[in-house]
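Just passing along the structure, written as structure tokens.
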Amino acid sequence: MNLTALLLSLRLAALVSLILLLISLPLGSWLAFGKWRGRFLIEAVVSLPLVLPPTVLGFYLLIAMGSRSPLGRLWERLFGHGLVFTFEGLVIASLLYSLPFAVQPVVAAFRGVDPKLIQASAVLGASPLRTFFRIIAPLAFPGLVTAFVLSFAHTLGEFGVVLMVGGNLPGITRTVSIAIYDSAQSLDYASANSMAMVLLGFAFLALSIVYAMNRRVWTPWTPR
Amino acid sequence: MNLTALLLSLRLAALVSLILLLISLPLGSWLAFGKWRGRFLIEAVVSLPLVLPPTVLGFYLLIAMGSRSPLGRLWERLFGHGLVFTFEGLVIASLLYSLPFAVQPVVAAFRGVDPKLIQASAVLGASPLRTFFRIIAPLAFPGLVTAFVLSFAHTLGEFGVVLMVGGNLPGITRTVSIAIYDSAQSLDYASANSMAMVLLGFAFLALSIVYAMNRRVWTPWTPR
Amino acid sequence: MTTPTLVAQIRKGFRSGTLASFALDVEIDVPPGITILFGPSGAGKSTLLDCIAGLTRPDAGRIASGDAVLFDSEAGINLPPQRRSAAYVFQSLALFPHLSAEDNVSYGLAQLSAAERRACTVEILESFRVASHGRHKPGELSGGERQRVALARALVTSPRVLLLDEPLSALDAGVKFEILEDLRGWNAARRLPILYVTHSREEVDALGERVIALDHGRVVATGAPREVLDAPRRLRLAQAAGFENLLAATVLELRQADGVMRVRLETGDAELEVPLAHAAPGDSVRLAIRAGDILLATERPSGLSARNILPGKILSLEPRSTFVTARVDCGATFAVHLTPGACRGLELAEGQNVWMILKTHSCHFVQE
Amino acid sequence: MTTPTLVAQIRKGFRSGTLASFALDVEIDVPPGITILFGPSGAGKSTLLDCIAGLTRPDAGRIASGDAVLFDSEAGINLPPQRRSAAYVFQSLALFPHLSAEDNVSYGLAQLSAAERRACTVEILESFRVASHGRHKPGELSGGERQRVALARALVTSPRVLLLDEPLSALDAGVKFEILEDLRGWNAARRLPILYVTHSREEVDALGERVIALDHGRVVATGAPREVLDAPRRLRLAQAAGFENLLAATVLELRQADGVMRVRLETGDAELEVPLAHAAPGDSVRLAIRAGDILLATERPSGLSARNILPGKILSLEPRSTFVTARVDCGATFAVHLTPGACRGLELAEGQNVWMILKTHSCHFVQE
Amino acid sequence: DELRVAAASDLQFALRDLSVQFQKKTGHTVSITYGSSGNFYSQIENGAPFDLFFSADIEYPRKLEAAGLAEPRTLYKYALGRIVIWIPGDAKLDLAKLKWNTLVDPAVQKIAIANPAHAPYGRAAVAALKTAGIYEKVATKLVYGENISQAAQFVESGNAQAGIVALSLALSPAMRDKGKRWEIPADAHPPIEQAAIMLRSSTKKETARVFLDFVKSQESQKILASYGFQIPLQDDAAGGRK
């Protein structure tokens, strides 16, 4: 069983879904509460990475982040090594690819918060930031959980983008989904199956815990 | 430009996301309001297709639905032809693969509906079904839109499962994402780019319309 | 045509954490007509209605409307709300935020044709003076308009039981009066069991045929409004009914023959003659006296039937719109209501010595 | 130490579809102390408070608290709610559903230390009798408990303006009385501008120093409670203030010297002497008369200062708890309130002929 | 109607040409699906409706034949794959002179090859590196593409400074003029035997046979050679010409 690959995948998925949560809080709150009327266009753009085949998206990212791109060159100057074929590169590519899964549920959840409660918080002197963290985010909790779960699971299973941008380097960019794919491609079904089982088992456990807690933690409603 | 492939993709994505919506309404409402305490386990299972690499999932589906499987044989007896490598097969496989993107947002949205309103509906004599369609579903509308958008976009861009189960047969199972993938594989970037642009442009248009309408249609909140 | 009596015998506890925080334990009959459910905040009134409507499941008990059993914990019967034919106006209204006022009202009329539905809806919205807001969503209505829509939504259906949880609390006297008239008419026409929660004396006076008083989850009194609200036997009920004077006293002597006893107030040494009660000399008791039941005189009255005449001194005179509140010190401080005319006529002023006159039967016992 | 007067001059329209459905257009001063905002349902009271708190943006106008300008459409100033230091109890309460009662109350005390915050919170919850529910979420509180928590949440902060939208509507008389006392103390200690919306005469009497009466989005009267509520000049205000008799009449004759005029009721041919008003003979006017201001007599009274004595017949007698409502027909139908004692003393019965006695100044003019 | 052919991705350019010629000649249209040979194998096992299978790795047709999923004695080795070292045109290295040593040069930080775990070209690349004795030195520089096309994309986009790719790809329009190539001697690695086979489930066996015969023709072999495939000597054990 390929433990390194599994750990790499978990690290990648955890990191990506956490960063995505951090990104989608401000982005989602702007999309839900912002003043600009053209916000829906940005909302549409956020979902676009989804409609491209992952390998093709990966190819574009490879070029956009590659050694000939401005981004790639800047990165190289800053960190002394390229961005593609590294773990950092994987993280960035996965962020982009899983963005819609994080942002969409968060926006929907934010829109579901009763505006009267937001007003009540402001009237009590709370800054927009305090209102956000004490009122909006807790009330949108199930949406945040959905966002986290979807982006975590999606990053775990993703392999098209990861393969393209990561280059399948053992221990660095070979995630467990690539490893499973490799085994299946070499008709080594026994090892593909066993890795898939471990991955599924682990994911099942993690998701069950998240959902069970979600139920517990979350009871609020507008009072009867 | 590969019009057949684009139309096929749109047909597939539209069909899959519609069916998914139909599935996630009852499934989501059971997950959100059901009585069984172990529901969260099913919730976790629903998300599992996500964590497998699409090609690998496709491979398992190929075996599960293939000409040697009981399902494949049953299908063959009923309809006179196999399930895999047909449009129907693609639909079934995509349904499974995009299920989490439909169910998750729907469940979160259903949980966000004030239970007092559900009670009010019951007290007014409405059957659970009427309550569902007149109260719960409209109030969960943004979540339903999210579900539709995510599953539509995801089906549009998906290619691992589709490739495996569909076999890339022109006009039958070659979706535009496979076509783009093929072009990119043959290093024919010009045609990959142009197809990707059309796909992105189309998706952008469709998503913008959906999001703009979503904003319009949806104003409700618990009264001030 | 009348509908059968609603009978409910219910136990329901709430716990916060592991501690039982509140327990409802009641047995009530609601005959056709309006029964007021009265009691201080937190007494369990809304909980009781929730149980009858089928929204909260009692821990044990039985609820039946004539032969139709709605709930029976022993027989394992628990009809869902939609099969109980109980119309319910929630304290929190629970209007459907995505439907217009009209659609909210017609929601419960699914079985009628579109034309009938519309006719009923418009009619009731008109009689409740909110027809002009028919197309507004609840978020675009004022508090009182929302309350009227919620009431219309419940009344327009043909329920077997009507549950109203402070349905008029947000309305001004004018609209309230009109709607009370409507409710009376509605009740006269249908004679359903109606349970009506209110804190408003005005509404009790206008509607109440019977009152059930609840406190701490238990029925503490049942009967006609006067009996229950003007002779409350519980301290909290007395407070809830608006008795201005609540005084601690010690029993001095029982005069069984006269049906009275003498008590001494705990502060000061004034003595009062009050109706006989189950008490023994030395017992501590509490008296509730309405400020409006006390008379003031500037000279010691003589030849009067009233037995309690206490000398005191006016501490303050506070004019209110329809009356004047005098605070009179006679050891204990009493609030006394006077008409402005009487106040002028007697030329009352602060610091003046006066006599307070109380009839024996204006002094009510309350238990804590 | 007092806070400066709040001055607001606001215009705000709502439209439904393309039609303007409601327009608020007011100019008010709220000096330190309690100002009652009174007016029928839908008059625009909550909208006015929303504008002051910064939750609704007026179309035009200016709001200032002393030198501090909160809103000025011309200068382009519009402070966000959190910078207006206005505490606001919403009509819909808007308690945070995910926070306990205690956390709701301490939410506005972010600037205090944890210990101080807790002390303040516990103190105010105790004085509002909901300390035992401190750990409950709003969903686990009764309607009245929720209202008290919402009030506590607003009062515990140190605002410069206090806006209360029917803060006690769900409370029984007892608790209400205690909290009214608390509010009075709070007001005496701080002397802030307080705008207090209520429909309850009781609350007006207990608190009101000034009343601003609103109708159809405009200020229709300002002044002391008696002036505004007992002599209302608007039909809807009269209804809102609970005048039981609203009668149409035609002016017959003006007697400038006596300061009175004679009118004839539109139904029947009874004539009344009423205070002089801006009207000409032949004009249609409306009169508002409180049922409690009319006396009944079984014999025609003589040598009485009252100038209006109308013969009539008792249509019905409805005993209410503290009084009896008699309906008397003298062409028009009047409602008259009597004490039960008077009713017994006069041995009144349905169908009996009686005289109604009305003082000139009990008849109030109202405009439509 | 159409003949359905599943073909390895490296045949894209050559087979397109062949099918056009075939249609001109016989009037039969050919619908070709390109993809990974491993995937095709799994799909055929599960009932994919192909008539012919052109695999990049002879192993798969052999397995199909053994499993009875292919028509016996239709296996045909149509080509041997060739690999080249390819570097982008803007690289300063003199590939023609350095040959193998190009890969060892410090300027080359990443070398793209197809994944040797399942891609025949990847296996050949590793074997060739071992033959050249530099595998140990360059092992840490290797990045794996899912298939030979991805490996080409890595180097063509400049993210790998060198790659070992199929000659057929290096000759494709996208790469031909964009870089330098050096053909790795055919004896540096075991031959990359590519073979075609007719499937048992085919419903157009006659047409399929005609197409197979066409591929075997002199004319076709010339076309294949021009796209960078070496034509193997046919032995009867491999089921060559009847």
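Think of it as A, B, C, D and E in the order they're written, each chain with its own count starting at 1.
The rule is simple: contacts are C-beta pairs under 8 Å (C-beta built on N, C-alpha and C of every residue); 3 or more make two chains touch, one makes a residue touch a chain.
A quick note: this is a predicted structure, and the numbers were derived from the prediction, not measured.
Asks: Enumerate, in label order, the chains that touch subunit B and subunit D alike.
Replies: A, C
Asks: Compared with subunit D, which chain's mean CA position is the farthest off?
Replies: E
Asks: From the centre of subunit C, which chain's CA centre is farthest?
Replies: Chain E.
Asks: Rounded to a whole Å, what is the gap between the Cα centroids of subunit A and subunit B?
Replies: Using C-alpha averages as centres, the distance is 19 Å.
Asks: Any idea how many Å lie between the Cα centroids of subunit A and subunit C?
Replies: 57
Asks: Please report how many Å separate the Cα centroid of subunit C from that of subunit E, as a whole number.
Replies: It comes to 90 Å between the two C-alpha centres.
Asks: Distance from the CA centroid of subunit B to that of subunit E, rounded to the nearest Å?
Replies: Their C-alpha centroids are separated by 36 Å.
Asks: Which residue numbers or ranges of subunit E touch two or more of the other chains?
Replies: 39, 42, 150, 153
Asks: Multi-chain contacts only, two chains or more: what residues does subunit C have there?
Replies: 46, 90-92, 94
Asks: Scan subunit B for residues touching two or more other chains and write them down.
Replies: 55, 59, 114, 116, 184, 221-224
Asks: Going by the contact rule at the top, pick out the subunit A residues touching subunit B in the complex.
Replies: Residues of subunit A touching subunit B: 40-41, 43-45, 47-48, 50-57, 59-60, 100-101, 104-105, 107-109, 111-112, 114-116, 142-143, 145-146, 149-150, 153-154, 156-160, 177-178, 180-181, 184, 192, 196, 199-200, 203-204, 207-208, 210-212, 214-215, 218, 221-222, 224.
Asks: Which of the residues in subunit E end up touching subunit B in this complex?
Replies: Touching subunit B from subunit E are residues 4, 6, 9, 12-13, 31, 33-35, 39, 42-43, 45-50, 147, 149-150, 152-153, 156, 169, 172, 174-175.
Asks: For subunit B, which residues count as touching subunit C in their complex?
Replies: Touch list, subunit B to subunit C: 114, 116-117, 119-128, 130, 134-135, 138-139, 219-224.
Asks: Contact residues on subunit D for subunit A in the complex?
Replies: 53-55, 80-82, 84-88, 90, 92-98, 107-108, 110, 137-139, 141, 146, 153-154, 157
Asks: Note which residues of subunit A are touching subunit E in the complex, please.
Replies: Where subunit A meets subunit E, its residues are 55, 59, 62-63, 66-68, 82, 84-85, 163-164, 167-169, 181-187.
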